[in-house]
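The following pair of complexes shares a single chain, chain A, combined with chain B in the former and chain C in the latter.
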Partner chain A sequence: MHRFIIRRLLMLIPIVLGVSLLIFMIIDMIPGDPGSMLLGAGARQEDIDMLNEELGYNQPFFRRYANYMGNAIFRFDLGRSYATKRPVLDEIGNRLPVSLIVASSAIFFSLIVGVPIGVLSAVKQNTLADRIPTGLALLLSSQPGFLIGIVLMLIFSLRLNLITPHGIANWTNYIMPMVSLGLPNAGRQLRFTRSSMLETIRQDYVRTARAKGATERTAIWRHAMKNALLPVITIAGNNFGVLIGGAIATETLFGLPGLGSFIVTGIRSKDVPVVTGGIIVFAIIFALVMLAVDVSYAFVDPRIRAKYIRRKGLA
Partner chain B sequence: MSGRINSAATETEVLIFKKENRLKEIWRRLKKDKLALAGLFLVCFFIIMAIFAELIVPYAAAVTINPHNRLARPTNEFIFGTDGFGRDLFARCLHGARVSLSIGFITAIATAIAGSIIGAIVGYVGGKLDDIVMRALDIFSAIPSILFAMAVVAAMGPGIFNICVAITVTSIPGFVRIVRSAVLGIAEQEYIEACRAGGTSTARILFRHVLPNAVGTLIVNTTANVSQMILTAAILSFLGLGINPPQPEWGSLVSEGREFLRTAPHLTLFPGLMICLASFAISVFGDGLRDALDPRLRT
Partner chain C sequence: MKKINVTVALLLVFSMFFAACGQDGTGDVSSEDRTLRLSTRAPMTTSDPHGTINIEDLMVMRQVYEPLFRQNELTGEFVPLVATDHAISGDGTVYTFTIRQGVKFHNGDELTAEDVEFSLQRAMNSPRVRSYMAGVADVRAEGDGTVIVTLDQPNAALLSNLAFVFIVNKREVTEQGEEFGTKLNLAGTGPFRFTYLVHDIEWRLEAFPDYHQGEADIKNIHYVPIADLAAALIAFESGSLDWLIAPIANWDGLVANPAFNTELSIGNHISYAVLNHLNPPLDDINVRLAIAHAIDKQAMNLIAFDGLAENANFMVHPDKNVGAPSEGVTYNLDLDKAREYLAKSAYPNGTHVGTINVSAGGYFERMAQVLQDNLMAIGLTSDINRMDSASNLERGRNQQFDIMTTGFSPNGDFDSWKMYCHTDFRGTFYNQYEGDVFDWEHMNYLWAKGVSVADVAEREAIYRELNDWIMGTATQLPIFHRAGAYVWTAALNVPVNYPNYPIVYEWSWK
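Right after this comes the complex of A and B.
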C-alpha cells in the first residue's frame, strides 16, 4: 500500500513538469506582451520595454520557463502576478479555501440527494418511483451549472430578496453555488448509483445475505450498497477535483473569488505566473484527490485490500 | 480467378445485408423507447430550424439595432421580445442555434475521428507507444478542460473556427482513452488473432475489423459529446471568450441578458431554455441510442 502511494506521488513530478510546460507554451502564444497589456494603449514604447524587462518577459522562452520552474521546485515560489505584483502562492492560498468550500459542498449535496434516490430507483426499477427521478436526473445532468445558477438567482435574490447574489460576505452566499453546481452532479450520481446498484443487487452475495435471513433493508443498504458505491466514489472524486478549478462560469456568476476565476483573469491579461502557478496547484490537488479515491477503494472493498497485501507479499 | 471475385462479391453482399439488418434491429428497439424518440424529434426540430433560420427570420433582424424598441416584452411581432439594443431576441436565438449546434456537431465529429484514429492505433499497437501516449494524456487530464479550452481560444483569438479547434483539442484526450480501452478488449478476441495469422495488414485489421466493432461505443460517446460541447461553447462565450459580437450564440445571449436580469429576465431565460432543451434532447436521444445499440447496457 505504501509503495503504491509513493509511486503515485512520484508520478506527480513528470505530470507537473508536463502541465507547466504545456500551459507556459499556450499562454506564451496569446498575442501581445504583458507590458503593453498592463500599461494600456496610450503607453510609450520605452515604458513598455522597461516593464517587460522588469517582469523578465524579454528573456527567451526556455530561460523564462527554466527560471520559473527552478523557483517553483527549489524555493516553493510560484512567482509574482504581473498585474498585482503579489506572490501567486499567497493569492492561491486566499482563494483555495473558497474553491474547496464550493466544490466540497456541491459534491456533498449531490451525494446526499443522488445516492439515496439512486438506490431507491434501482430497487423500484421500472415503476413510477424509478421513472420520474431518472428522468429528472437526466434533465439536470445535461444542464450547465451557470444556467441553474441564473434561475436560482432570479428567484431567490431578485424576486424573494432572500440571499445577496454576489461575494462571500456571508455563509448564505455559498448556498446558491452549492445547489447550482450540485444539481447536475446529483443527476449524474443518481444515474451512476442506480446502474451500479442494479448490477450489484443481482450478485450472488446479495442473494446469500437474503438467504441467511437478512431483512430486505439490510440486504440492500448494507450488503449491496457498500459495493455499489465504488463507481460512485470515483465519479464523486473526479467531479470534486474538476469543480475546484473548473467551476469558472459559476464562480464568475456569483462573484466568488475562487481558483478557477483567478486563472481566468490570468488568461485574460497574459499573466504567465498566475496561470501556470494556478494550474500547477490544481494539477497537484487533482492528483491527490484521485489518489485518495483509489486508496479509499481499499477501505470500502476487502477484495481490493487483499490485492494490495498480496502484491506486497510477492514483492 | 472468377471464383475469387465471386466470393468477394458475396462477402460484400452479406456484409451489406448484415448491416441493413442491424440498422433495422436498432431502429426497431429505438422506436420502442418513447422518450428517446421525443428527444430525436426535438433534435431534428432544432436542426431544421437552424438550417432554415434565414427563411424564418432574416439574419438582419438578429443584428439590426433599434433604440426605439428596447427590452420589449414578448409580443406577436417579437415572440421572444427584444434585447437591450432593440434586436429581435427570437431571431438572435434562432441564428444562435446555427452557431451553437454547428459547434456542437462539428467538434463532436472531429473529436470522434481524431480520437478513434489515435485511440485505435495506440490501443492496438501498444508497447512503448501506448506508454508514451498514455503519459501525455495524464498531463492533459490534469488541466480542467474548460480552462484549457479557454487558454487555447485566448491564444488563437475569438471566432467560431478557433472555438471549434479549442474544444476539439481539449476533448480528444478523453475520447482517446475511451477508444483505447474499447480497442484493447477487441484486440484480444480470437477473430483478430485469426486475421493476424492470415497475414492481414495492421491498417486493414484496425479499420475493417477493430474499429467497426467499437462503433457502438464511438456513437454513444459522440452523441454525449455533442451536448457536452454545446455546453462548453456556451460557457466559453458566457465568459466573453469566443464569438465576435454582434453575432449571436446561446451562451453569449445568456451573458448579454444577465445585465437586465432584474428588469427583463426573459432575455436570459429564452436563450437559457434553448441550451437546456437542446442539451436535454440530445442526452435523451443518446441514452436511448445506447440502449438500442447494446441492450446489455440497459439499466
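Right after this comes the complex of A and C.
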C-alpha cells in the first residue's frame, strides 16, 4: 500500500510539468497580450509595450516557462499576478480554503442525501418509495447549481431574511452554496447508488447471506452496501475535484472568492502566473483526491485490501 | 426516550442555526456608528492608485485618495482638492499649482509639494496611468506650496487628465516599496482611510478625522465584491447593502417601492456601432451611410435599456465634457435616405455586410440584435458573433470584425475620444484611419490643434470640425448615452449620484 501511494505521489511530478507546459502554451496561443488586456481599448502602443516589458512578457516563450518553473520548483514561488502584483501563492492561499469548504460540504451534502435515498430506492424498487425519489433525482440533476442558488437566495435571503446572500463572513454564508451545488450532485449520487445497489443485491453472496439467516438490514447494509459504494466513491471523488475549480457560477452568484473564479479572471486578462499557478494547484489537488479515492477502495472492499496484502506477502 | 433526545438535539441545532443567521443588523445602531455597506462588481485589484485604471478600483480609490482637482462628472467643473488654485503660462505649456496647506495624510504626515512632485512623477513612470500624464515633460516642486508642471506642448485637457492622478505620501510609498498596492496603506489624503483590506473578499474604510474639508458624516464603509447583478439586487433588497447601481430591468419595481430612494442619471458614456471601412462591402461609403440612416436608436434604447437611456447624436456628450460640440453632422433613422444611399452604392439590391462582433451577456448583445434587424429593413444581412469581452477587444484591434457594438466613457474632456481615433493610439485600430482612404493627417492635426487651445469656445469650434470629419466617415455611429439606475436605502441621504464615481463624503445618514 505504501509503495502504491509513493508511486502515485511521484507521478505528480510529470503531471505538474505536463500541465504547466500545456497551460503556458494555451495561454500563449490566446490572442492578445496582458499589457493590452490590462490597459483597455484606448491604450497607447508604447504604454502596452512598457507594461509587457515590466511584466516580463516580452521574453521568449521557453525562457518565460523555464523561469516560471525554476521559481516554482526551487523556490516554491508561483510568481506574481500581472493584475494585482500580489504573490499567486498568497492569493491561492486565500481562496483555496473557500473552495475546499464549498466543495467538501457540497459533496458531504450530496452523499448524506443521495446515498441513503438511493439505497432505499433500490431496495423498494418499482414502488412509490422508488419512483418519487428517482423522479426527483432526475429533476434535480438536470438543474444548474446557480439556478437553485437564485431560488435559495430569493427564499432565505429576500423573503425570510435569514441568511446574508453573499460573502464569507460566517459559516451560514456557506449553507446556500452547499445546497445549490449539493442538490444536483445528490440527484446524481442517488441514481448511481440505486443502480449500483440494484446490481449488488442480486449477487450470490447477498443471497447467501440471506440464506444463512442474516436479517434484511444486515444483508443490505453490511454485505451489499460496501460493494455498492465503490462507484459512488469514485463519482464523489470526481465531483469533488471538479467542484474545487469548477463552481464558477456559484462562486460568482454568492460572492465567494474561490479558485474557479480566480482562474477564469486570470484567463480573461491573460494573467499567466495566475492561470498556471491556479491550474497546477488544482491538478495536484485533483490527483491527491483521486489517490484518496483509490486508497479508500481498500478500506471499503475486502477483496481489494486482500490484493494489497497478497502483493506485500509476495514481495 | 430516543425520539425525545433526537427532537431536543434537532431543536438545539435549529436554534443555533437561526442564532447564527440573520443580516448585519443595523436597525438599533445609532447613525454615528452605522456602517455604510457597498458592493463593487469585481474585487479590488490593488490599493495603489497609480496601479489601476479599473473603474471598480477607482470607485473605492476616490474615497481614499485625492487628485489636485476633481472634475464634477455632471457639470464638468473642476473642484479643488489637494490644489487650491492653478495658473497657466501665456503659451499654455507651464501649469503652476498652488498646494493646499494643512492637508494631512492618513498616516499623520503633512502634505508637501514634494509629495505632489513625487506622485506626479510616479504616475509618469507607471504604464497603467501614464497616459494621463501625456505631454508632461517635467514636474518640479518649488518651495512648500507650489508645483510646476511643464508640458512639451499646450494641452488643454491636462486638468481633466490630472483628475485621475492621485497624490500619495512619498514616505509611505517608499517604505512599502514593491509591496505598495498589495496591502493596506495610509498614503492618501481623502475623506476615508483603509482600516481593513483583504483583497478579493472585503475592504473597510473609516472616516479620516483630520480630513482637510472636515470629517465625513458617514463614519464607516464596508465594501464587498458581488459580481452577479441579480445577486447584488437581492442583497440590496434583503438589507445587506445600502446603495446600488441597479439592473435597468428592475427599475420600475424599485421606483415603486416606497422603502427605497431612486435616481436615474444619464452617464458620461456612449454606446455606439463601429463599421470597419477596410472590409467590403463596408469599404463603400454609401453602404456605411445607408447603415447610419437605417439604425433605429429608439428601438435599441428600448430593447437594450428599457428606453431609459438618452439617444445620442454625438460620440462625446456635449453637456458633460469640456470642448464637446453640440452641433454638427448627425445621423438619425430615415429609411428612405438609407435606401437612397444603398441605391448609389455598388450593392443596390442589398448584400451581406458580414459579422457583428459583440461581447456576450451585456446590453451590447441586444443592441447587435436590433442592429441586425435594422439592416434587414434595407436589404442588408449580417451574422452576430458573441464572444468574451477580451477576445472581442483583441479582434477589434486586429481588424477581425466587420461591425461591432461597443462603448466607452470619456473622462470629462472631448480630447479623451482621441484614444479611439488618433493614429498614435492602439484603440484607433477599431477604425484604422491611417492609409489611403481618409485624410487622417488632417484628423491628427485637428486633435493636436484642439488640445493646444485654452479658450473653450475656440476648442469647441475646432472639435466641431473634427467631429464632422469623423462622422463624415460613417465609421463610428453613436446610439445612446446609457443611464445609471441608482437605488439606496431610505435611511441614507444621497444628494447627487455621479455617473461613475460616487462621492461618499457628500452622503449622510438621515
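Throughout what follows, the second predicted complex is superposed on the first by the 302 of 315 C-alpha atoms of A that agree within 3 Å, B and C clash if a C-alpha of one lies under 4 Å from a C-alpha of the other, contacts with A are read in each partner's own complex, and residues count from 1 in each chain.
One rule holds in what follows: contacts are C-beta pairs under 8 Å (C-beta built on N, C-alpha and C of every residue); 3 or more make two chains touch, one makes a residue touch a chain.
Everything numeric in this text was worked out from a predicted model, so none of it was measured.
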Quiz item: Which term applies to chain B and chain C once both are placed on chain A by superposition, clash or fit?
Solution: clash
Quiz item: Of the partners chain B and chain C, which touch A:L198 in the superposed model: first, second, both, neither?
Solution: first
Quiz item: A:M29 contacts which: chain B (first), chain C (second), both, neither?
Solution: first
Self-check item: First (chain B), second (chain C), both or neither touched by A:L154
Solution: both
Quiz item: In the superposed arrangement, which partner chain does A:Q45 touch: chain B (first), chain C (second), both, or neither?
Solution: second
Practice problem: Answer with first, second, both or neither: which of chain B and chain C does A:L291 touch in the superposed model? | Solution: neither
Exercise. Would you check which partner chain A:L162 touches, where first means chain B only, second means chain C only, and both and neither mean what they say?
Key: second
Practice problem: Answer with first, second, both or neither: which of chain B and chain C does A:V275 touch in the superposed model? | Solution: first
Practice problem: Report for A:P14: first if it touches chain B alone, second if chain C alone, otherwise both or neither. | Solution: first
Practice problem: Would you check which partner chain A:K85 touches, where first means chain B only, second means chain C only, and both and neither mean what they say? | Solution: second
Practice problem: List the residues of chain A that touch chain B in one complex and chain C in the other. | Solution: 30-31, 150, 153-154, 158, 252-253, 268, 270
Self-check item: Contacting residues of chain A [partner chain C, same complex]
Solution: 30-32, 35-45, 47-48, 50-51, 54, 83-86, 91, 94-95, 150, 153-154, 157-158, 161-172, 252-255, 257, 261-262, 265, 268-270
Quiz prompt | Interface residues, chain B side, partner chain A - complex | solution = 35, 135-136, 138-140, 142-148, 150-152, 154-157, 227, 231, 234-235, 238-239, 254, 258, 261-262, 265, 268-269, 272, 275-276, 279-280, 282-284, 287, 299
Quiz item: Hey, which residues of chain C end up touching chain A in the complex?
Solution: 17-18, 20-24, 39, 42-43, 45-46, 48, 51, 53, 127-128, 130-131, 134, 178, 181-182, 198-202, 224-228, 230-232, 234-235, 237-240, 388-391, 393-398, 406, 408, 416, 419-420, 424-427, 430
Self-check item: Complex contacts: residues of chain A adjacent to chain B
Solution: 11, 14-15, 18-19, 22-23, 26-27, 29-31, 135, 138-139, 141-144, 146-147, 150-151, 153-154, 158, 194-195, 198, 242, 245-246, 248-249, 252-253, 260, 263-264, 267-268, 270, 275, 279, 282-283, 286-287
